[in-house]
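What follows is a set of structures for review.
In the two complexes that follow, chain A is the common piece, with chain B as its partner first and chain C second.
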Partner chain A sequence: MYHSTFLMKYLSVIILHTKKILVDRARFFIWILVDTLGVIVLPFVWLAILGDRDMLLGFTRADIVTYFILVYVINLVATSHISEYVHADIMKGDLNKLLVRPIVPPLYHAMAQYGYKFVSLFVACAVCAIAITFFPEYISLPPTATHAFWFLFFLVFAGFHSSAIQIIVGLATFWLGETAALMQLRHVLEKIFSGEFGPLSLFPILIQAVGAWLPFQYLFFVPIQIYLGKLSGGEILSALFGMLFWSMMYLFIIIFLWRRGMRRYEGVGI
Partner chain B sequence: MNRLKHHLRIYRAIVANAVSYEAQYRKDTIAKIVLNLVWLGMLFLLIEIIFTHTASFSGWSKEAVYVLMLFWAIADELDIAFFNQVSFIPDYITDGTLDGLLIKPANTIFLATINLRMKAVYRLITELIMAVGIFFVFDIPVTALGLFLGVILLVTGVMALYSLRLMLNTLAFWLYRISNINALFYMIQSLGQYPLDIYPKTARIILLTAIPVGLTGFVPALAALGNAPGWLILLSFGTSMTLFILATRFWKFAIRRYTSASS
Partner chain C sequence: MAYRGNFVLFFFLTMCESLVSFFVVVILYGHVQNIAGWEYQDMLLLTGTFMLSNGISWLIFKAGISDFDRVINAGDFDWYIIKPIDAQFLASVRRIDIDDTGRLVLGFIIIVMNFPSGDLLSSVVKILLYLFLFFCGQAVLYSILLALKTVTFKSIEGWATNAIAWRLQDLAQFPTDIYRGVVRIIYLFVVPLAFIVTVPAKALTGTLTIPLFFGAFAAAAGSLIISRMIWNKAVRGYSSASS
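For the complex of A and B:
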């Protein structure tokens, strides 16, 4: 009974924010355009790099275009932008309103964004359907159903990773106050090491080596590599352990920051 | 002439305010400059990544792409330094601040869109220093005329950016709660940080005319390197002027139909 109440609380948050999205339709449409434009240039960049060649370090033309369609899909359905909301709540003292409710405030923001993600899922499906129908020569499908399954599995965790990193940056507000520098740093690290700009395996060796030790690769690069069939069974298992390790780390860090932050929080803003 | 002097006096007050405001947050200013250098470093890293795989990026050499990226970054910074106020128009409309601007004895577009952000000016200075450094390090052959033309086209590109952003934000008179329109603007602007030759022909035409982000980096860089054809230069001037006229007319159209947000 407790578990169903717990789930219903956050499900109602998702439903509420889904309705909110549908009320502010212009705002939602603009966010979709923002996400679209964020990746639309990148296939052209890499196709220009590919030039007349058939392949670039194992990536065909279809692989490159499929890669960025999947980056777009992951951006729509998995990436999070909640650090600003967590930050604003702490800075303005608005966290008080959430503290008196039977919810965990960072979890509230994480769930609230799934209202947008839920509606965006339909946009993502429509884009994929259009791409497969009208540009089949540019689309690579997963080699086996197993690869498709693991891609979806890692996609779910990509969403968790993104939300967790955003919450950690937001919670830093308890100590730093203004976190614009930290947000910018996160943005730069994600841009380089997540695979959003391009497949990490096409980057210089040094960046690949550093990126292998960081969690950002699980956001875009690893799930898409699984989809394209570029990881063996052993490598997928290794990625799974890495992802689970970072997931546990995130949980510990968030719980630690939240408890310590609550001791400092005075409820009157910073 | 009196009207111009009147607005120049207002702008002098804006500049004085901006300088004194910034003086209170010196550490934050330094942090933002450092962050900007990190961001520029990321852009340059992406160029290096591109050129590890190819010697020519749609016909552009590495040095030329650096020049284009710098022009684009400087245009972006100029826009933020002088015209960032445009992004607050949706908020002015929803919270009623626009009413106060309308009753003031000065041009409303001027009051609503013109400002000065000293942080952006400091970042601009670092970018200009970096640009000079890049020109020397890569020994990029530029003529005085080419550079002069590049700077003029950069200014017209900034004017086109301002006009585009003003038109997008003017939509807030009809579509409420669209403050994220400025996030869309920055995404549109990012299309211009690479040579337009990587895009299909239709996209290139759009990015030089209707959504003229190509005027901020691509065209000025071509001019500075001495490779801009005459028709492209004329197109750049013509597009900027046309967009500016359209933007100001659209604003006036919106203002005529504006009813106050307050009761």
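For the complex of A and C:
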């Protein structure tokens, strides 16, 4: 009974924000356009690098185009921007309004983002359908149904990863006040080590070595490598353990920061 | 400069962010010697030009234009119209963002360190061409940003055009020679991003052609005229909410 009430609370947040997005369609399509513009140039860059070659370190032309279509899809359905909302709540005192409600404020913002992501999922499906229909020679499909399953599984956790890191950066507001520098640092690290710019396996060995120890690779690189069939069963299992480890770390850090932060927080004007 | 600590922090932050562009080039050229005819040194010149473009645009007009939706929504635009100075000029340069000078400095350093060697005369000619084409590119960029921002007169979602504008400028950090077909035509004639960074950089690499030179001037003049027309139309449709 308690669990169904808990789920219904946050499900209603998702539904509410889904409806909000459908009302505020202009804002939604503008952000879709922004996400599109963010990745549209990268396939051209890497295809220019590929040149007349058939393959670049194991990546064919189709692999490269598919890679960036999937980066776009993951950007639409998994990445979030919660840190700004958490930061604003703490700085402006809007956290007070959320604290008197039977919800956990960072979780509220995460669920609100999932409402937006739910609508974005349809756009992502439309993009994939167009790409497969009109440019089949540039699309690589997963080699087996197992790879497709694990890609979707890791996609869900990519969403969790993005939300968790954003929440952690947002909660740093309790101590730092202004977190623009931290947000920028997160942005730079994700840009380099997540695989958003290109497959990490094409990067210098040093970056690959550092990236292997960081969680950012689970946002784009690992799920897409699974989709393209470039990870063996053992490597997928290893990635699964790595992802579970980081998921536990995120939960621990968020709970720790939240509890410590609430001891420092002072809200006035309720 | 009242908050010098904040300025220093953002100065270094913007430099670090710009360094990502530099490292991207280093990573890309780990696999090839040449991308669409651009050698490593050429690409660094282009990257430096991109940083310069970003830095100077933030310093002069980008901050003012980005903030314009807040001005409209707060009803402050009325004060712009009644002043004895062009409202477009005032809206564009009202705010300068010196925090972004970090990009400018880094871009300048990269260009100086990779400036092609040659005799004094050819170097002077290259620099003069570069400066002329650079400011033509800034005129194109300014026109694109301003035209997008006029959405604010009609919609309270005008703030979102900031993200679109910044993304469009980010597209210019790679040479437009990598594009083919329709996409190339779009970047040359529809949204002339080619003239913002690629064409000025070609002046330094020695690959500038006469059509591109005159095309840059035409693109700058044309975009300024078109953006001015769009601005005038938007202001004519403006009805103050507060006066």
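The criterion applied here is as follows: the second predicted complex is superposed on the first by the 267 of 270 C-alpha atoms of A that agree within 3 Å, B and C clash if a C-alpha of one lies under 4 Å from a C-alpha of the other, contacts with A are read in each partner's own complex, and residues count from 1 in each chain.
Heads up, the rule we're going with is that contacts are C-beta pairs under 8 Å (C-beta built on N, C-alpha and C of every residue); 3 or more make two chains touch, one makes a residue touch a chain.
For clarity, every value in this text was computed on a predicted model and none was experimentally measured.
Trainee: Overlay done on chain A, so just call it for chain B and chain C: clash or fit.
Mentor: Superposition check on chain A flags a clash between chain B and chain C.
Trainee: When the two structures are overlaid on chain A, which partner does A:Val34 contact: first (chain B), second (chain C), both, or neither?
Mentor: both
Trainee: Kindly classify A:Met8 by the partners it touches after superposition: chain B alone (first), chain C alone (second), both, or neither?
Mentor: Neither partner.
Trainee: In the overlaid three-chain picture, which partner chain does A:Met55 touch, first (chain B) or second (chain C), both, or neither?
Mentor: neither
Trainee: By the touch definition at the top of the document, which applies to A:Phe203: first (chain B), second (chain C), both, or neither?
Mentor: In the superposition, A:Phe203 touches chain B and chain C alike.
Trainee: Would you check which partner chain A:Leu237 touches, where first means chain B only, second means chain C only, and both and neither mean what they say?
Mentor: Neither partner.
Trainee: Going by the contact definition given at the top, which residues of chain A touch chain B in one complex and chain C in the other?
Mentor: Comparing the two interfaces on chain A, one with chain B and one with chain C, the shared residues are 26-27, 30-31, 33-34, 37-38, 40-41, 44-45, 47-49, 51, 56-57, 180-181, 184, 188, 191-192, 197-198, 202-204, 207.
Trainee: Can you tell me which positions in chain B touch chain A when the two form their complex?
Mentor: 28, 31-32, 35, 38-39, 42, 45-46, 48-50, 52-54, 56-58, 175-178, 180-181, 183-184, 187-188, 190-191, 194, 197-199
Trainee: What does chain A use to touch chain B in their complex?
Mentor: So the residues of chain A touching chain B come out as 24, 26-27, 30-31, 33-34, 37-38, 40-41, 44-45, 47-49, 51, 56-57, 178, 180-181, 184-185, 188, 191-192, 197-198, 202-204, 207.
Trainee: Hey, which residues of chain A end up touching chain C in the complex?
Mentor: Interface residues on chain A, with respect to chain C: 26-27, 30-31, 33-34, 37-38, 40-41, 44-45, 47-49, 51, 56-57, 180-181, 184, 187-188, 191-192, 197-198, 202-204, 207.
Trainee: Over in the complex, which chain C residues touch chain A? Could you list them?
Mentor: 9-10, 13, 16-17, 20, 23-24, 27-28, 30-32, 35-36, 155, 157, 160-161, 163-164, 167-168, 170-171, 174, 178-179, 183
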